[in-house]
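One structure, as structure tokens, below. Some questions next.
Chains here go by letter, A, B, C, D, E and F, matching the order in which they are written, and residues are numbered from 1 within each.
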Amino acid sequence: MPILLLVVGMPFLLGMTQHIIQRLNGRMNTGWLASGSMSVSFVLLLTIAYQPVIVGQGALTYTLEWLPDYGLNLSFYLDSLSLLFGLIITGVGTVVFLYSGYYFDETDERNRFIHLLLLFTSAMLWLIFSNNLITLFIAWELTSIISFLLIGFKGNKYASAREGATRALVVTGGGGLALLVGLLALGSAGGSYEFSDLLALDLTEHAWYIPLTLLLLLGAFTKSAQFPFHFWLPGAMDAPTPASAFLHSATMVKAGVYLLARLHPVLGDTLFWNNALMIVGLTTMLFSAVVAVRQPDLKGLLAFTTTSKLGALVALLGVPGGYGVKAALIGILAHALYKSALFLSVGNIDHATGTRLVNKLGGLWKNMPITGVVVIVSSLSMAGLPPLLGFVAKETLLEAFVYDPLLLAIVFISAALTATAGYILIWDVFFAKATEEVHFHPLHKPLEVGLLVLALATVILALFVTQLLIPLFTPLIPVEFKLVLFPGFNNVFFLSVAAITTGLALFFLRNLWRRVSEFSFNTISVYDRLIATSEWVADQVLKTQNGLLRHYLIVIISVVMAILLYGGLVQDIFSMPSVELGTFTLPDLLDVMLLVLAVGAAYASVRVRHHLNAALALAIFGYAIGGVFFVEPAPDVALVMILVETLATVVLIIMIGRISAKQRAEAMEALDRNFNNRAGAFASIRDITIAVITGVSMFAFALIALVNRDNRDSIAVWHLDNAESAVGVTDVVSAILTDFRGTDTLIEIAVFATATLGLLALLTINREAGGEPEDPIEEVTPAKISIFTPMIQVVASLVFPLTLIISAVHILYGANAPGDGFTAGIVSGLGIALYYVVFGYDYVNERFTWLRPVRFVVFGLALALINAVIPILSGGSFMGLVEYAPGLDFANLKFNTTLVFEIAIAVTVFGGVSLIMETIAHPTQVPFPTDARRTSTSEMPVIVQQPESEFEQA
Amino acid sequence: MAPTNSLILLTVFLPLFGGVLSLLLWGRHKAQRYVGFAVGVVAWMASVGVLWMNWQDGIQIYRLGGWQPPFGIILVADMLSSLFVVMSTTVLMMGLLYAIGCNDKVVKHPTFTTLFLAMQTGLVGALYTGDLFTLFVFMELMVLSSVSLVAISDNRLGLEAAIKYLFISSMGTLFLLLGIAATYSAFGTLNFADIGQILASSERPFLAREAAIMLTAAFLLKSAVFPFHFWQPDFHTTAPTPVHAVLSSVVVKVGVYGLIRMTTLLFTSEIELEIIRTILLVLGTISIFFGSLGAFRTYDGKRMLAYSTFGQIGFILLGIGWGTPLALAAAFVYAFNHAFIKSALLMLFGVVSSRTENKTANLSEVGGVGHSLPAFVGVLYLLGGLSLAGVPPMNGFISKLGLVQSGIDAEMWLTLGLAVGAGILTLMYMTRTWQLVFQQQPTDSTAAVKSYNDNPLAPALLISACVALGLFAAPLVDFATATAEQIINAPIYIEAVLGTESSAISRR
Amino acid sequence: MNLVFAMTVGILFGLGVYQLLRRDLIKAAMGFALLFTAVNLLLLAVGAFDGTVPAYTDQTEQSSDPLVQALILTAIVVSFGSYALLLGLVNIVSTRFGTARTDDVNHLQN
Amino acid sequence: MEVLLNVAVVTIVLLMLPCGWRAWRGPTVADRLLAIDLMATLFAGVMVVFALLFDQAIFVDVALAIGALSFISTVGISRFLAEGKVF
Amino acid sequence: MLLRMIYAVPFALIFMTMSNQWEITGLIVGYLFGLATLLLIGEMPGRIVWGRLPFQLFWLMVYITWLVWEILLSGFDVARRVLDPKLPIHPGELVVPIQDEEERVIVSALSAHAISVTPGELVIGFSVIDGKNHMIVHSLDIDVSRQQVEQSQTKRLKLLKRIMGDRD
Amino acid sequence: MLGEIIGSGLLIFGLFFFVVGVVGIIRLPDAYSRLHASGKVATLGLFGLLVGGGILMPPLFPRLLLLGLFFLLTAPAASHVIAVADQAANKRDKQRFSENGEQPQIFT
């Protein structure tokens, strides 16, 4: 088993270190190195190939745990099937790597190519030696990826290379995803993800048989380029020729066939299996053969003969009773040898002449006889002439289908056409007269000589087919079989001869045939149409992202309301106890009046056009709701509600003022509902409907909540009971805010600070970006009358200190009364706001040099956090309660963490509000200063004369 | 009663403190960003410590203020929250690292680091808290800081995205508040464990279903699932790169986390569970469809990745909706891996667009820009893209693996078909953009290219993590499996939070 | 009284949603002010018990639910933060994009 | 006495309704403003009566805060009115 | 500073009132807060002549009492007009000189404030005519106001000057 | 007892002036005239409540006094600022809409 690790791992390690090796020895051709390693692997595999453990039906397994939770193990499985493939990969690889070492003109390109090809080889070997379904998939996808990279190898030059690469990846990678699902389903159905366990099972009766087989077939068919997925393979011919030879004929495309052969004992030989394989395989075979002959490009021709052969292999695995397996195995081997040789030869031709077009080439025999020999041997093998391995393959192929005349006819025609393709390769390229002068460049010798090995193998394997292959095949073929080069003059032999001669006939008629076969059924266009359809669907999907915020909101609200109504509200509202109207007390009367006021104001704020009026209505609404809170009675909430409402109104009005009158007017026009045209009416009705539905839902929601409300268990009872004993605070709301749920408040002020910082960032970034493009107040003539009259200024400068005193009281005594650090911060912040409004930015900044809002925010938050940490130091909890001066009784104050927290809250909120005001009040022309700004403290009189005197000549 | 762990505090509040302190370095943006990264590293280490202790000793808690839950607030680090927090702190740390090497104007703004760290506090706090209302407050912190960051983005359309998001997110805030209202009305408590315990042990009160629905809506909105997704492509695309990387990878996961909590702890009774799961499966499926097609067809690289997030979250929702331990574990792995992949890819695209004169990610303008970048950036992008498509052996494959296995167990063939289709589309758009940016030569329409770009160190580290998480997936998968087993068993959480005699707690 | 209260909440939500869906950003922002206040009112309604006196420990009668009040307080502040930021955004959007109409702010599509 | 206080509260709150009407009708913004200003004064009055009714001084503090707030908002709105903007 | 220390006293009283702390400790806290507040405010108007301080306080009391009286009168005045079905008002505007030689802002302000509480009169603006400060006064009954407004301003100014500590 | 009577009387007195103020802002013909009612009369009404309340509940008296002083200070200023702003707004509008650039007359 270590041999297996070596075989799989060596190309990988070599690939990863190849650049280093190249750097150490600059003149070295790493092609030799890779080729050498391949031949070593080949020999190693060969040494175990005929050992009894393999030959005698058995298999070697070797397991390393990787991700056992998902059944993913690094396990290997060695039997004659994997050995056969391993020998093909390493054998053909030896030649291909040698070839690659001389194929490229630039060292960089060569190194990059060999690097990728080494990685591919490793992945491919891993694939066939995997015992684990998931590692098989991993290797499978890796080969697809590297194939993608190799097809797109010249992608920086040719768009077609990029397109071909993507197409190949989408088909094989996508098929791979189906395969993954299929493999996992297989593992789930079989209870194990290891082939070694699964191969003993027969899952053809399993409930998932059809879906999982379908998925597996999808994976195999895409990989092995079966109709209608075959189109990626001809499209992959932009890859450098060695890659085409190795990946796209000898190895990777056979992975699908490998998988089918591997799973044949577990899933195969059912009606579904056989029909699927037969239909797809034969269609591919015939269709490709027909198309191959008319390809103008030699690589195209080879690509289609490849798909044709792959179709044949797939169909063989679908022959009932396992009678096609022998032909499939022989076909795999024969095809690998002759097709890789042909590809590499075409590479030589391309290299030497600069073209691959059949009609431009001709008469190359005299220039490149070695390649010529290789092509002749390989093409004849493809055509099925004895004594070559292709002959054996074709014989067994025909033999497998003898039982059904229709199938036989299809196979026969395909075989004949393949033979035609072989003759074209030999005659038209090497012996026919070229239509125009062919420029010829001499080739490196290894490019030609290496190919002889493959041609030789085709001959030798055919000659010793019985001795060499029967031991390997015996464990794999479920039926009795014979394998000889020449089985005698039986029906099959005559069919074979007929096919070869029919091919010859078709060869002479090839120009006619080209015209006849020009029906156009192009699966690339199907693929493109599929893509175009997905793009169309995607475009429809993307149309929903139409940029209209209102539509987004409509969708969101409608969906949520629909779910809410359907999922719960309707049921709850019909199952809840009847609503008690209850007694009607004085607070209720007040409530009703305030609610009427609130609803009226809310309606007004919706109805009125003018923004300012709407803002005023909104303020009234807020105050009325504040009143409701008072009546509840919830004075703490009411106070905050009213304060925040005031602040919100001030901010709202300031913001409205910063929007130009023109835009505001335009926006107001947009408010008008237009019932005259259809769209307008629809939109209006839609909006109103959604509003009504939301309203009704929320009515139901609130009603249930209210009915729910009486006499239930709630954690709030504990808070009421423990506020005084645990925190020493009579205002339970305060106790919750600063102690029981103090962290909420801590984060809440962080939210507040963040919002103000965000506002600062927002307004300053805009300035830095070159000022506001459109001056919001351009069309407003500044009024000659200033509202900064002496009376206002004097009163304002008296009100501000008062707000500070109110704040101090709220901070210090808020624990037992409404108000707390937050209200303190808002009140004093509003005092600053008043100053900004009445005196303007410059004056305030020059007068209040201490007013650095950011510093306040920093200080407040830092204080809050430090104060929260201090209890930990004394063995308590974060945000815990600690008395700082236990014995001290001064002005009925408790010097504890709660008090400090209140101070911190107040400072933060004050800083935040001032920050908003400072930012907004800042004259837009001046670049925004940093916080470390104020240096001048010029003496100002208590009431400064505004630049424009408030005293105006009447 | 679970052990008290102060490291939880460090993870949550250190970023806030760091953010506050960085304001003192006003105007010295380089220093601010270094402070930010240092904080990110320490917070990350703390979060890893919490995770480790979790693995060793089970659920860790911290009672804020020392009050007995459910009366006070409690931070709970069970395996689920620890996992999500480590995921978040890692990506946030990388975001902060990226910001150091970022050339955007916005990262030089004096409030940038503070807002970023505030976002981190909000995110991590929301994941750790065991209290519904505290969750709301933390989420708001996250929302407002992210809105501010996007609004001041170098991309001037960030403003538009920010205002749209704030509108829609405020809608989400309303849903959340309604959910909290319904919850409190129905259960008289806000503590997760307490809610779960009451619903499990008593007759279902009124508004319980409404609570479940509104909370689901709020979380779905946060995770940008159809039809709550409209804000997401706009908001994420226009965000500054380090912010985008965080938003699209971990911030959207808060909603996912909330949904997991709801289905495994809060609403484990049959009726609510069925409602939530149905919603998740339906919307998750549609999201996969919408997100994949959107990413496939949109015009902008960053936007493509944002749409991709939309679809990927759909997959995670499927895992939550199936709800088996295997599916949940798969969802965690998926969420975790996606965070790494997506953030890395976004940063890489940020590196690409930072190279262009006007910082564009428009696909018609970035053709061949990759040629002016170090070659390994292209390799990283390809690795990330393949990982996103679920190609082995990257971590994205591990995600898909678990999810497909649980889908097979649930016999969800149609959904699996959709997953395959989405995977193909992902493969297509990721390889297509890779070819466009890193393979194709620059064309006439390619934007002018600058001589410098953002530092690709952070995405390089993240991609390395992706590779590592793909090759050595066992620890993560083991942890996720253990997590799923833990949270499926709600009494473990309830006991850790409320103590063994929890049912005896008197509210009166 | 319950009925009146619930109806008010319903009407306010309806008005708020209608306002939110208008084609004027300023008004739409105001819609949120309405909605946030409405939800606060609803929170008040879900208080675990009905009180006749403020939630102070020195009360003899049934207090109002203090927890819900604390929640409302926090919600007020938090939603004010959103609201202020929203207004700032409306302001800057209108200067940057030259419009305060909701439907004209649609540069981000697809 | 309690009856009188209750009547006072109801009266004052009822008086807010016509103020609301004036605020709604205008016709000038000054009219609206003065109506709101008056409402604030009435509100302060309610608070005073509440203070008597519940025997709690805190309501007076609230009234004071409301007075300060109403003044501040009046000045702010006036500046808007006068200049078409506040800042 | 001295000025602040004096001005801090009323602040201390306000603090004590609002916090309901009527002990000496409350006074101290309030006084300190008042002082701090005044420090934040910056420059203070006014001047101190120790000898006149009691008189200034006295006149301030008188002034406030007078204001309250005026507001009472104006209340009845408006009530009379408003409740009369015929609504007997003749609104109009007048320009009134402030008459302060020093043209002090605070005097202008306090004059305007005082006029605004007198029956039927309200300052709706300021104006400078021939270099002298004037107030624009709105009156509910322009005919009555026209006759008395200047004399009452003279009286008012005298009182204000006494409060300000001016020499007569 | 006497205190209660006087206090109640003052309360009613205050309420009366509140009513007057509200009637004033409804009945009076223009904004400036209405300012007299909204500012002064309502303040007087509040004074009534304050003094009445102070008599009814002496412990509240200092606070109520403070409140009264505050309103005495700010109420006229608020009326004033509204009036000034209204003029400014009128003037601005007239300037904006005057065709031939001549200064419109503001003060009659």
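Here, contacts are C-beta pairs under 8 Å (C-beta built on N, C-alpha and C of every residue); 3 or more make two chains touch, one makes a residue touch a chain.
Nothing here was measured: the structure is a model prediction, and the numbers come from that model.
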Touching chain E and also chain F, the following chains: A, D
Higher-contact pair (C-beta pairs counted), A-B versus A-F: A-B
Chain separated most widely from chain A, comparing mean CA positions: E
CA centroid of chain A to CA centroid of chain E, Å: 73
Rounded Å distance, chain D centre to chain F centre (Cα mean): 10
Centre distance in Å when chain C and chain E are each reduced to the mean of their C-alpha atoms: 41
Centre-to-centre distance between chain E and chain D (centres being mean Cα positions), rounded to whole Å: 23
Contacts with two or more other chains, residues of chain C listed in rising order: 20, 25, 28, 42, 45-46, 48, 53-54, 67-68, 74, 78, 81-82, 85, 89-90, 92, 96, 105, 107-108, 110
Multi-chain contact residues (two or more partners), chain B: 133, 137, 140, 144, 147-148, 151, 156, 163-164, 167, 178, 181-182, 184-185, 188, 233, 297-298
Junction residues of chain E - those touching two or more other chains: 14, 18, 20, 95, 112-113, 116, 123, 125, 136
Interface residues, chain C side, partner chain A - complex: 1-30, 33-34, 37-38, 40-42, 44-58, 63-70, 72-74, 76-78, 80-85, 87-92, 94-96, 98-103, 105-110
Complex interface listing, chain B residues touching chain C: 133, 136-137, 140, 143-144, 147-148, 151, 156-157, 159-164, 166-167, 169-170, 173-174, 177-178, 180-182, 184-185, 188, 233-234, 237-238, 297-299, 303
Complex interface listing, chain F residues touching chain E: 16-17, 20-21, 23-24, 27-30, 32-33, 35-37, 39-41, 43-45, 47, 62-63, 65-66, 69, 72-73, 76-77, 79-80, 83-84, 87, 107-108
Touch list for chain A against partner chain C, complex: 542-543, 545-550, 553-554, 557, 579-582, 584, 587-588, 591-592, 595, 598-599, 602-603, 605-606, 611, 614-615, 618, 621-622, 625, 628-629, 632-637, 640-641, 644, 647-648, 651-652, 655-656, 658-660, 663-664, 666-668, 670-671, 687-688, 690-692, 694-703, 705-717, 719-720, 723-724, 729-733, 735-737, 741, 744-745, 748-749, 751-752, 754-756, 758-759, 762-763, 766, 772-774, 776, 816, 822, 916
Residues of chain A touching chain F in the complex: 779-781, 783-787, 789, 791-792, 795, 798-799, 802, 954
